[in-house]
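Each structure below is given as structure tokens.
Shared between the two complexes below is chain A, which pairs with chain B and chain C, respectively.
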Partner chain A sequence: MNGQLLAQSLVLGILTGGLYGLTSVGLSLIFGIMRIINIAHAALIVLGSYLALALFRSFGLDPLLSILLLIPFFLLLGGAIQWGILDKLSSKDLTLTVLATFGVAIIVEGLQGAIWSSTYVSIRTPYSLSSVQVAGLYIPVVRVMAGLASFVLLAAVFVLLYRTNLGRAIRATTQNRTAAQLVGVHAGFVTTVAFAAGLAMAGAAGPLLGMLYSFYPATHWLLIGKLLAIVVLGGLGSLTGTFAAALVLGVAEQVAGVTLPLEWGPMLFYVLLFGTLIVRPQGFFGAVRRGSL
Partner chain B sequence: MTGAAALQRWWPWVPLLVLVLLPVGIRETFYLDLLMTTFMYAAITLGWDIMGGYAGYVSLGTVGFYGLGSYAGALLLLRFNIPVFVSAPFIGVLCSLVGAGLGWIALRTRAAAFVIVTLTFTSIVQLLALNLKGLTNGSSGLYMPLLTLPNNLILLPFYYYMLALLVFAYFVSRAIRGSKFGLGLIAIREEEEKAEGLGVDTSLYKILAFAISVFFACVAGALRAQYLNYVDPDIAFDLFITLSPIVMALVGGRGTLIGPLLGAFLVQPLSQYLVFLLPSSVAGQLHLVALGVVLLLVVLFMPDGIVNAYRSARAGGSGWRGRRQTAPPAEAAP
Partner chain C sequence: MTRHAVVIVAAFALLTIAAGCGTSPPTAAAPTAASAPTAAPPATAPKPASSPATAPAPAASSVTAPAAAASPAGAAAPAGQAAGAAGCQLPPCDRPIVVGVSQALTGDKSEPGNAVQNGYLLWAKTVNDAGGLLGRRVEIKSYDNQSRAETAVTQYERLVTVDKVDLLLGPFSSALTSATAAVAEKYQMAFPEGAGGAPDLFTRGFKYLFFVQPATSDKAADPFVAWIMSLPADQRPKTAAYPQQDDPYTLALVGAVQQQFEAAGIKTVYRQVYPASQTDFASIAAAIKASGAEALIGGTVVNDAIGQVQAYIGIGYQPKVAFFTSGPGTVGPFKGALGDKVDGITTSLGWAQSAPTPGNPAFVAAWQKMYPNEQGIPDEGANGFAAASVLQKAVEGTKSLDNVKIAQWLHSNKVDTIEGTLGWDEAGRPTGQYLLQQYQKGALAVIGPPDVAKDTRGVYPKANW
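So, the complex of A and B:
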């Protein structure tokens, strides 16, 4: 592999890693605060892709701009799912919450298929085929935009979590719900906000992924596997760990893609997932916390 | 033996006898196919419930094992000329070994890892089926030779084989329920740390339970491949194979012997009828939606299923643990 190719895959990998970060940090946030594995996460990402496609086709709305509409929509949807379904189960075991999010994933997939049919689609903008040239590297415009948008959105989420009182309340509830309630945190409200924020990240990632890859209703099964691999590698519930793992896997996937046939790409994620579970179930990047798995 | 005790002991044989004799009277392929599919789902659901109901660990990887069984059956036939009817039980054992391996990875920790591993296992097997083109012929799939039987009889061996699988699943599940092993699994579901403290080897129990539970999906997959004379990644990794048994177990009642049977015999005919009613272009999709909605409703409003709800209503207790007749009353009676 020559240097040019390596640099190219490094840049592409970091850009993709940002997108993986946007999608998996939300999943990790939800697990951290609610102890719920949101099986529907990727299905809702694909829903974001479909909605962006519909907006683009009907109104010519640029996918990047549709993110601004999708964020409030997914915040409301997240609030509704949390309030209407998950909150009713939170006192019960993981079994039921997993089955509930699995049910949501199934419903979303089925509805998408009924409305938009089960064939491959993609969001083709006028700039879909153009590239930018940076220091001798040709990077497709959509990948630059998706990567940058992901980093901006992720930065906003991290500012929310680490620089505001609400974020402090979310982190406190994640660490110790009872103690947080004792010092006056309204844990129920905070949990709903965190879940809605996680879904908003999923919804915002939808248009970005839809610009890069073609999709159909069942693609979310492949995606959720990748995201769960990232989250486990980063340490389930650890946000910075998840972000680090997302970058590492984004780059690893690109570098592997140079030598490995494309169709084997997802295997990298699964191998790392199983390897992590065998060697270090608590993940590699996150702080070791009791009961994190 | 009193009449009631005799009834208790012998009643499962009555419906079995009816099902065995049914093909004598009914020759319509539609009904026999429906029954056979129902037997298949009932067996898979009984298997799923050993892990999901007794031990309380939800597997989202059922179709991974089913698909593995389908391909194993097809390949053993095409490469080594071993008929699926002969190889199926051995394929089941092979899958149990794979299940034990997966369990070893996923079950040393708690439930979250198990969900993740079973979910990705399906993706892995599917990826292998798609990409190992030399072996599996990729997305074009593998054609298997037809059985040499007259057309009107071709369904019968599958009908009886699936029925036998169902009966076997029933007795395995019943044997586990009545054993120390089964009690250990239920203890794991109720309070894993306490079970461990009481000397239950929780990891071993869970791995063993998972290995047993995947056997049935695998055998069913092998048989179904021969029944269709064809296997490809779409057919072998049909989402319904994972989804339906979960819905069936929850509707009927998790952790019971009758619940999975009841669930399968309720949900599968209704599913088929629904697909029959819907316009064919969206039937599969809306079938998904319907099962998803049923799953959500059951999780929200009747997580204990029909059997447990009935039992606890009769016992005046509450919750799906209503069958624990020696349990202390949760609240003081008014």
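So, the complex of A and C:
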């Protein structure tokens, strides 16, 4: 492999990794605060892609701009799912909640099929076939845009979590729900906000993924597998770990794409995941959990 | 709970790996009905209407042409369709002739799958408008197999044993036909299909399988190879790249090109097989660009052809010649996605819109009337229509729905189709040749083979996309 090809793969990998970061940090945030795996996460990302496509086709709205509409929509949707379904179940049995998200995934997929049919689609903007040239490297414009938008949105989420009182409350609830409640954090409200924020990240990632890849309703099953691998690799509940893992896997995927047989592609995430877990069972940044208060 | 998460991820990992290893389609002659509904969730696309073991009759969609229902049999029969005018020749006359299909209406092969299905539906409407088949109405009973071979197998089992259909037509893609032809063979049902042309399908001694395109896929690119070889030696491409989807049709076709190119001294600088689920073609494009391949031979199904071309454009890769197995022929989506970038792209198709084959102008007119919103006629639609017409000719030829007789008739007769006059050898291989076509000024033009094409001057090297 020559240097230019390696550089090309690294750039593409970092941009793709940023997008993986946006999709998986939301999943990790939800896991951290609720201790449930949101199986519907990828289905809702694909929903974001479909909504962006519909907005683009009907009103010519640029997918990047549609993110601004999708974030509030998914905040409300997230709040509704948490308040209407998950909150009612989590007091009974956490496993039920995971099953409920599974149900949400299936319902969302079915609705997408009914509304938009189940054939492949993708969001093709006037700049879909353009690329930028930097130092001899060709990078498709959509990849640059998706990567940069992901980094900007992730930065906003990290500012929210680490620079605001709400963020402090979310992190406190993540670390120890009971202790947070003792110092006056309204844990129920904070949980709803965090779940909604996680879904908003999914919704924002939808248009970006839809610009890069073609999709149909069932593609979320492929995506959720990747996202879960990223989240576990980064250390469950650790947002920085998740982001780091997303970058690592994004780059690994692109580099493997030019060096390894392509049949390996779908397995790559899991091979890396198992390799890491054997050496470091808690993932990159995961803390070893001690007993609750 | 952390442990639960790891267990769930592990389950996904195993499923993915299992799916990756099991890329070749099941070819067992004795399919098990239990395979579909018990599949683990990640692999199941939960469209409620498609699990045959659980979903009863409503899962099927039946099509009856309104014109036939409204008018008494034979009312509008044109000349040459004496059967319709003479009324029903094959009792029970009050029942329609039911043709069973399991089709890839959703999933990764849905684009071409729906095109084939539209070909079947157009055929049914055409027959019914002309007074029916031997005077009886024709009905297509179809299930959606979600592009999955094991589901298709179960659905054909159901069509034969539960729905007791009179006739069968094949699904889209060699992968699905390979698995389902075994069901047709088991129940001795004639199985004409326009979308399963991998050579492996015809080495199993099947007597009921008939591929309705001019040749099997290993011969499909012969006119393309002949065209390249007709170029002056110093202008031919010196290197070639072969990115291909793991699919029996594409692998056989691309393999045949690679073999002939290598024998002619065209060096292979890139060869990779990717899974059907691949949607990211950036790394493939980067590697091929780095390889400097002058000829690009893409083993594609449809959507991956679009994805590949987009990636090549994005990464600035410009081959001298670009050939794709399937995709360019699915005119609407292909041109819709790529616009004027399609010019210069070549493909081999069994059918061409401009071909002077029997019944082709009437087919083109009927298609455009029935599907006015589609941009261009997908070749898969023509393949579906041709396969159904072959079945029709055999029923008319034998004046019966006895599938053993129908299969025998097809083995010993030639049939005029919109893809030319086709005959079949003892294994069901057709004995014709494909048409080499190239996008020129936004439309497919036939540039080979020389005895068929009006103009054999293909554009070489192709302009930049």
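Methods note: the second predicted complex is superposed on the first by the 277 of 293 C-alpha atoms of A that agree within 3 Å, B and C clash if a C-alpha of one lies under 4 Å from a C-alpha of the other, contacts with A are read in each partner's own complex, and residues count from 1 in each chain.
As a convention for this text, a contact is a pair of C-beta atoms (placed from the backbone, for glycine too) under 8 Å apart; a residue touches a chain by one contact, two chains touch by 3 or more.
Predicted model, so just to flag it, every value in this text is computed and none were measured.
Q: Based on the superposition on chain A, does the combination of chain B and chain C result in a clash or a fit?
A: clash
Q: Output check: A:His186 vs chain B and chain C. Expected answer is one of first, second, both, neither. What do you get?
A: neither
Q: Does the superposition put A:Ile85 against chain B (first), chain C (second), both, or neither?
A: first
Q: Just chain B (first), just chain C (second), both, or neither: which does A:Ser9 touch?
A: second
Q: Does chain B (first) or chain C (second) touch A:Gly113, or do both, or does neither?
A: So A:Gly113 meets both chain B and chain C here.
Q: May I ask you to decide whether A:Leu96 touches chain B, chain C, both, or neither, giving the answer as first, second, both or neither?
A: After superposition on chain A, A:Leu96 lies in contact with chain B alone.
Q: Quick one: is A:Arg163 in contact with chain B, with chain C, with both, or with neither? Answer first, second, both or neither.
A: A:Arg163 contacts neither chain B nor chain C.
Q: More residues of chain A are touched by which chain, chain B or chain C?
A: C
Q: Is A:Arg280 touching anything from chain B or chain C once the two structures are fitted on A? First, second, both or neither.
A: Neither: A:Arg280 stays clear of chain B and chain C.
Q: Which partner does A:Val104 reach: the first (chain B), the second (chain C), both, or neither?
A: first
Q: Return first, second, both or neither, reflecting whether A:Arg57 touches chain B, chain C, both chains, or no partner chain.
A: In the superposition, A:Arg57 contacts neither chain B nor chain C.
Q: Please pick the stretch of chain B from 222-230, 258-266 or 294-302 that overlaps chain C when the two structures are superposed.
A: 222-230
Q: Take the contacts of chain A with chain B and those with chain C, and give the residues found in both.
A: Of chain A, residues 31, 35, 37, 94-95, 98, 102, 106, 109-110, 113, 118, 217-218, 221-222, 224-225, 228-229, 232, 236, 261, 263, 266-267, 270, 273-274, 277 contact chain B in one complex and chain C in the other.
Q: Spell out the residues on chain B that touch chain A in their complex, using ranges where they run on.
A: The touching residues are 52, 56-58, 60, 105-106, 108-113, 115-117, 119-120, 122-124, 127, 130-131, 239, 243, 246, 250, 282, 284-293, 295-296, 299-300, 303.
Q: Mind listing the chain C positions that touch chain A in their complex?
A: Chain C residues touching chain A: 1-2, 4-6, 8-9, 12-13, 15-17, 19-20, 23, 41-43, 45-48, 105-108, 110-111, 114, 146, 246, 272-275, 277-280, 282-284, 286-287, 290, 302-303, 306-307, 310-311, 313-316, 333, 336-338, 341.
Q: Which residues of chain A touch chain C in the complex?
A: It comes out as residues 1-2, 4-5, 8-9, 12, 16, 31, 35-37, 94-95, 98, 102, 106, 109-110, 113, 117-120, 122, 124, 128-131, 133, 138-143, 212-219, 221-222, 224-225, 228-229, 231-232, 236, 253-258, 261-263, 265-267, 269-270, 273-274, 277, 286, 289.
Q: Flag every residue of chain A that touches chain B in the complex, lowest number first.
A: 31, 35, 37, 39, 85, 88-89, 92-96, 98-100, 102-107, 109-111, 113-114, 118, 217-218, 221-222, 224-225, 228-229, 232, 236, 261, 263-264, 266-267, 270, 273-274, 277-278, 281, 291, 293
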